[in-house]
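The data blocks that follow each hold one structure.
Next come two complexes, and both contain subunit A; in the first it sits with subunit B, in the second with subunit C.
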Partner chain A sequence: MSTPPTQASAADASPFDGGARWPLTLLAGSALVWLVVGSLLALLTGIQLHTPSFLADCSALTHGRAQAWRETAFLYGWAGNAGVGLGLWILGRLGGHPLRALNWAVVGTVFWNLGLLFGLIGIATGSMTGFAGLQLPRAVQPVLVAAFCAMALPGVLAWAGRKREGTYAAQWYAAAALFLLPWFWTATQAVLLWSPLRGVVQTVAASWHAQSVVALWLMPLALAAAYYVIPKQTGKLLPGYDSAPLAFWTLIVVGSWTFGRHLIGGPVPAWIPTMAVVAQCLLLFHFLVIWLNFRGAFAGGSVTLQYMRFGLVAYLLTGLAETITSFRGIAVHTQFTLFGPALEALLLQGALSMFLFGGLVHQLPRVTGRHWALPSFVSGHASLVMLGVVVSVLSLGWAGLAQDALLNHSQTPFAEILVQLKMPLLLHSAGQFALLAGNVLLLVAFLRSALSCCQAEGASVLRPASSAS
Partner chain B sequence: MKNRPLFLFGLFLAVLTSWAGFVLGSHGQLGSLTPFFDEADGQSHPARLPGLAARGQAVYADLGCAACHTQQVRRPGFGSDQARGWGERQSVARDYIFHAQPQLGASRLGPDLMNLAGRKPQAPSAEELHRLLYTGSAAHPAFPFLYETREIAGEASRQAVRLTGAAAPKAGSEVVATERAQTLVAYLLNVNSGFEYPEARPLPAQSPASPEAKK
Partner chain C sequence: MSASQRPDPGPDRSPLSDDALQAGHEQIIGKQPDEKGKYRLLPLNLLFLFSGLIFIGGTYLGRFSGHFHPKVFNEYGQPPKAGAAAAVAVDPLVLGKNVYVQVCAACHQPTGLGLPPAFPPLAGSEWVSGSEERIIRIVLHGLQGPIKVKGVEYVGAMPAAGPGSGYNLSPEKVAAVLTYVRKEWGGIETPVSVAKVAEVRGKEGNRQPWTAAELEKIP
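And then the complex of A and B:
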């Protein structure tokens, strides 16, 4: 165990960040581009929910392929790039040395994003694998693992060569995420793509992977950002920090066990959904500690803390709702309805993205040494995405409940179900539109900041950036 | 967390336990399932998919049909699966042993397709499926890119999709399914889980007083 995070002033540009400026800006920039691509596709798939014929006669954009694009762009493009950028930065800062081997990170980032681009082209042209959460064509998956190893290298070196004896929660989460993804992704590829298991065991492996991508890779990166940024912004110690290691190990040990909640009643061994219920209940402890640790975020007024607050509430709500819906009696009603996508949106757009937004908005001025060029765009982004998430989660939840009555407890024809769901699904599209608009604002603000930083290159740009964020 | 090797070892152990337990565990339990030989009809079940249908599964997967359709019937009492005629029994692991890539799905924006050929009261014909895929319906998008509109050269193709109204091609042309459409429809009409395996029989309803209690 370690010393609790020390308080820090908001103006803490570190001399360590000088060399890391371009690699980290590249990661943040790629993340935001993928975010806008993902939001555009989310709007498209949202419209296809209430108007199935919308662009679906184009072979690249059938609903199934557009969903795969959206998921891939969001998880591996946006959250992956943003999370790795934040993870590297945090490990570098808390490790006490400037980041080393950043050339590797740049090469890795370039190959990662090229791999994703080719992957999306592959999905559009019919090389999608058909495993949810892992639709990338088989040819690009090993490239992505190799690229990820290169991207993660500076973080691993910073973790292994750290100066201080004690470590912080932000470091555990970031280091765990960087270490774990290549291990388990390679294992999944082996049993799904290169030497496929038989029958439904493939589904078990693919669902395990989809859960682990969120629980063992992306969420730890987002939590690392929150653990690092919240005390910096509030200037206070994290309350209940002594329990943080237990929360960490709870997530790492049982976080991947919960995938079975999607397989209730399915042709898989019955103990898998049962273990999911057990793991969900154990994870409540993780959520409790996260609440105790982060509740200080409710005290401050900066945009960064607004993101963190929203993310925290969404994270806790997802934890509770997933626990409740993992019980069979409840799953009878929610399974296969839009309630599942509602919870997924709450977790990914509500919790994961918000923690990452908070991290990015805090990180960028400190990395570039300049304030955000358009602070009003950033606060506009915060309002729009929060509104968008609330509207789309509530409307999908509403649609899910309506679908339960129509789908599970009557024999209403599907065309009729669609008519009845029109209203909530239109609302959901409106929510996705707000998200897209907000994310475009953030990208524009980022591009302006990066450009002004570029123009000032040569002059001494490293001046303390105070709390624009 | 001062101890670096222990931290890494802990991470590795945690993920290894989970992966081995779930993935290798279910492989150990289900990986060696064999077809069930039924002495009454002298056949083993499930049968392998015919070649055309087996190729259709790849089309089903790469179009992402699983985004809206499941391929798993749940046991009686779980939703309206039986009432909708999707299957008399729950799907079991043995149904999928010859599926190159099972497409269980997680969303039912459209009907379940596990047992389309055995659908009650009436299974759709290949002709109807082609028409649905080409023209779409209120709830189903059209996939015209799976079909080819061409001039009739000589005799009209027997494979041509029979279309009426606005969707009909102009005189002298016909709409013919491409190979992908043919394999897809063959696949949909061959995914069948009619045979009742011992493990698929629903458990008898529990009476309030179990036999043990009577003794």
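And then the complex of A and C:
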């Protein structure tokens, strides 16, 4: 690890990474802290599913609030910070210039995380909004949008001032995500919080926001990471890259229209769920192209590629399953059962998180100019989270199908259903425990790496800035 | 530590530089000609597949969208014809029962037997089967002070329920609930008309609750 870089080794330590080291490490670090907080709450809410009395006397940790905490910490804390960090880094590297306005990104990151902290305190004390995916208290939300704009500024400048005329898929996804979040979040804030729409349109707007957070913001950032990291790791150009632009536009144009599948049977006009079915079918093309592009990830052996492989398989499975369950005849069986949370876990913990893990594990050594300090912890993290995701998704899916079979028979008493679900829900908690343990390992490995980089800062010969010349 | 143990090849290995990554992929999507000066074409099978998905999606949307009408909630439904909604008349007895359960039943009870000593019965009451003019006024403006029903004196206060009051019932709902009450407990089949309620309201406007003595002067 202490060997000085050779001529060949200097090639992947970009001369631009040195200046961005601390802002990007700050983003990755805050992401991992929120990840551990979110995993802890996921374990807690998982336990509450089979043991409802667990911590039920503490009002801040009752199921409704803990669920909102978990969701917010995961989406806006973990995936948001990690995704933006990767997006900025990729846009900077491919833009061909050092990242500019990084002090804006640091200020933005600080305010984003402070805003989330106050938001979570607000949720814990009961001032959350009633919209899934948007539970942060009203007063915090404009601050977060402003903080995000500051965080995104270096990325936007890198995109606008890029050296090459042509662009690469990772840049499209990252830049699109940076532009789309302020657009849809200000729109949904305006129509839900500041001058609320009336009646059923609120549900439509809230579902659209929840879908957009994943389809227009977090998933594009994760896909940007995958598009960048997979060819860098395998050393080969992506197969089937011809169709990548069409796959990109498919996701951006129809990705958020799939929200209507959650409203089947609700008091919304029939065309909204129908539109969701059509959007899901069009997205099949996106998933097919992603498969064609990323299949090279199955060739390599590094842990980074293991994450990417897992994420790819989870992404495709979610896409297929969501398309099938968006049809009304199938939704009769899966809607309002634990099958929905199973698919959500597969998408968020299986696909989104894995792409981001792969990106972070690839990014950190290059940003700090040093190898991971505790490589066995990183490998341990990979094994634990993959095990955790498989166990918790399968057990939730099993619980969902069991619920369907029992709920559709009016003779079965409700208490009987709860007894029958106990086993899969216990398994789900075991899966969440594995995820928590794995994520703690990754946080420890990250802190060790950041610390040793910090100590060696002054004298290190591995500084990319010096090796570039 | 050997390289195979590392989670990532790390910064000292780079199979593909950023420049090679960008240049290679640009060439694939046809922005750059290859060595023979030729541009690549998009793969046709994927384009056909994409067009096929759009075609299927469009057909499905046309079939199950309810013509994008905001009031069609069933994917097999058709938008209502113009004027069709107006033709559907609401049964005053059904509407009246709903209003009774929501507004009146708390005091007069779902059985219509009331709750002495404050809430007089409706069932068999001479006020219910008596003058339409009086009972309309009671519901519109309320009633206070003592009132004798079936030979028993009740003392209570009935709040107004008409338009502009706390319950803010429309003339249609006032007429419907009176029709229901009179049929159910007074045996009177003739419905109370909306026009009659509106007429009484126009005559009296918004006023204080009535007393039994005032009502007895009205025919």
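The definition used in the following text is that the second predicted complex is superposed on the first by the 448 of 469 C-alpha atoms of A that agree within 3 Å, B and C clash if a C-alpha of one lies under 4 Å from a C-alpha of the other, contacts with A are read in each partner's own complex, and residues count from 1 in each chain.
Everything that follows uses one rule, which is that a residue touches a chain if its C-beta (ideal position, glycine included) is under 8 Å from a C-beta of that chain, and two chains touch if they have at least 3 such contacts.
In this text, all values refer to a predicted model and were calculated from it rather than measured experimentally.
K.L.:
For A:V201 in the superposed arrangement: first (subunit B), second (subunit C), both or neither?
P.N.:
In the superposition, A:V201 contacts subunit B only.
K.L.:
In the superposed arrangement, which partner chain does A:A415 touch: subunit B (first), subunit C (second), both, or neither?
P.N.:
It touches subunit B, and subunit C stays clear.
K.L.:
Once the structures are superposed on A, label A:L94 by its partner contacts, choosing first (subunit B), second (subunit C), both or neither.
P.N.:
Once the two structures are laid over each other on A, A:L94 reaches subunit C alone.
K.L.:
Look at A:G340 in the shared chain and tell me whether it touches subunit B only, subunit C only, both, or neither; answer first, second, both or neither.
P.N.:
first
K.L.:
Output check: A:V361 vs subunit B and subunit C. Expected answer is one of first, second, both, neither. What do you get?
P.N.:
second
K.L.:
Which partner does A:Y241 contact after superposing on A: first (subunit B), second (subunit C), both, neither?
P.N.:
In the superposition, A:Y241 contacts subunit C only.
K.L.:
Looking at A:S395, would you say it contacts subunit B, subunit C, both, or neither? Reply first, second, both or neither.
P.N.:
A:S395: touches no partner chain.
K.L.:
Could you say whether A:N439 touches subunit B, subunit C, both of them, or neither, answering first, second, both or neither?
P.N.:
neither
K.L.:
So in the superposed three-chain picture, is A:P267 touching just subunit B, just subunit C, both, or none of them (first/second/both/neither)?
P.N.:
So A:P267 meets both subunit B and subunit C here.
K.L.:
Which subunit A residues come up in both lists, the one for subunit B and the one for subunit C?
P.N.:
Touching subunit B and subunit C on subunit A: residues 1, 166-167, 245, 267-269, 275.
K.L.:
Over in the complex, which subunit B residues touch subunit A? Could you list them?
P.N.:
That would be residues 1-2, 4, 7-8, 10-12, 14-15, 17-19, 22-23, 25-27, 29-31, 33, 60-68, 70, 72, 74-75, 78-80, 83-84, 90-93, 95-111, 136-145 of subunit B.
K.L.:
Name, in rising order, each residue of subunit A that touches subunit C in their complex.
P.N.:
1, 3, 5-6, 8-9, 11-14, 93-94, 96, 164, 166-169, 228, 231-238, 240-246, 250, 267-271, 273-275, 277-279, 281-282, 284-285, 288-289, 301-304, 328, 361-362, 365-366, 369-372, 375-376, 378-379, 382, 462, 464
K.L.:
Within the complex, which stretch of subunit C touches subunit A?
P.N.:
1, 4-18, 21-22, 24-26, 28-32, 40, 42-43, 46, 49-50, 53-54, 56-58, 60-61, 64-66, 68-75, 77
K.L.:
Contact residues on subunit A for subunit B in the complex?
P.N.:
Of all residues in subunit A, those touching subunit B are 1-2, 48-49, 52-53, 56-59, 62-68, 126-132, 135, 160, 165-167, 172, 175-176, 179-180, 183-184, 187, 191, 196-205, 208, 212, 216, 245, 249, 252-254, 256-257, 259, 262-263, 265-269, 272, 275, 332, 335-338, 340-341, 407-411, 414-415, 417-419.
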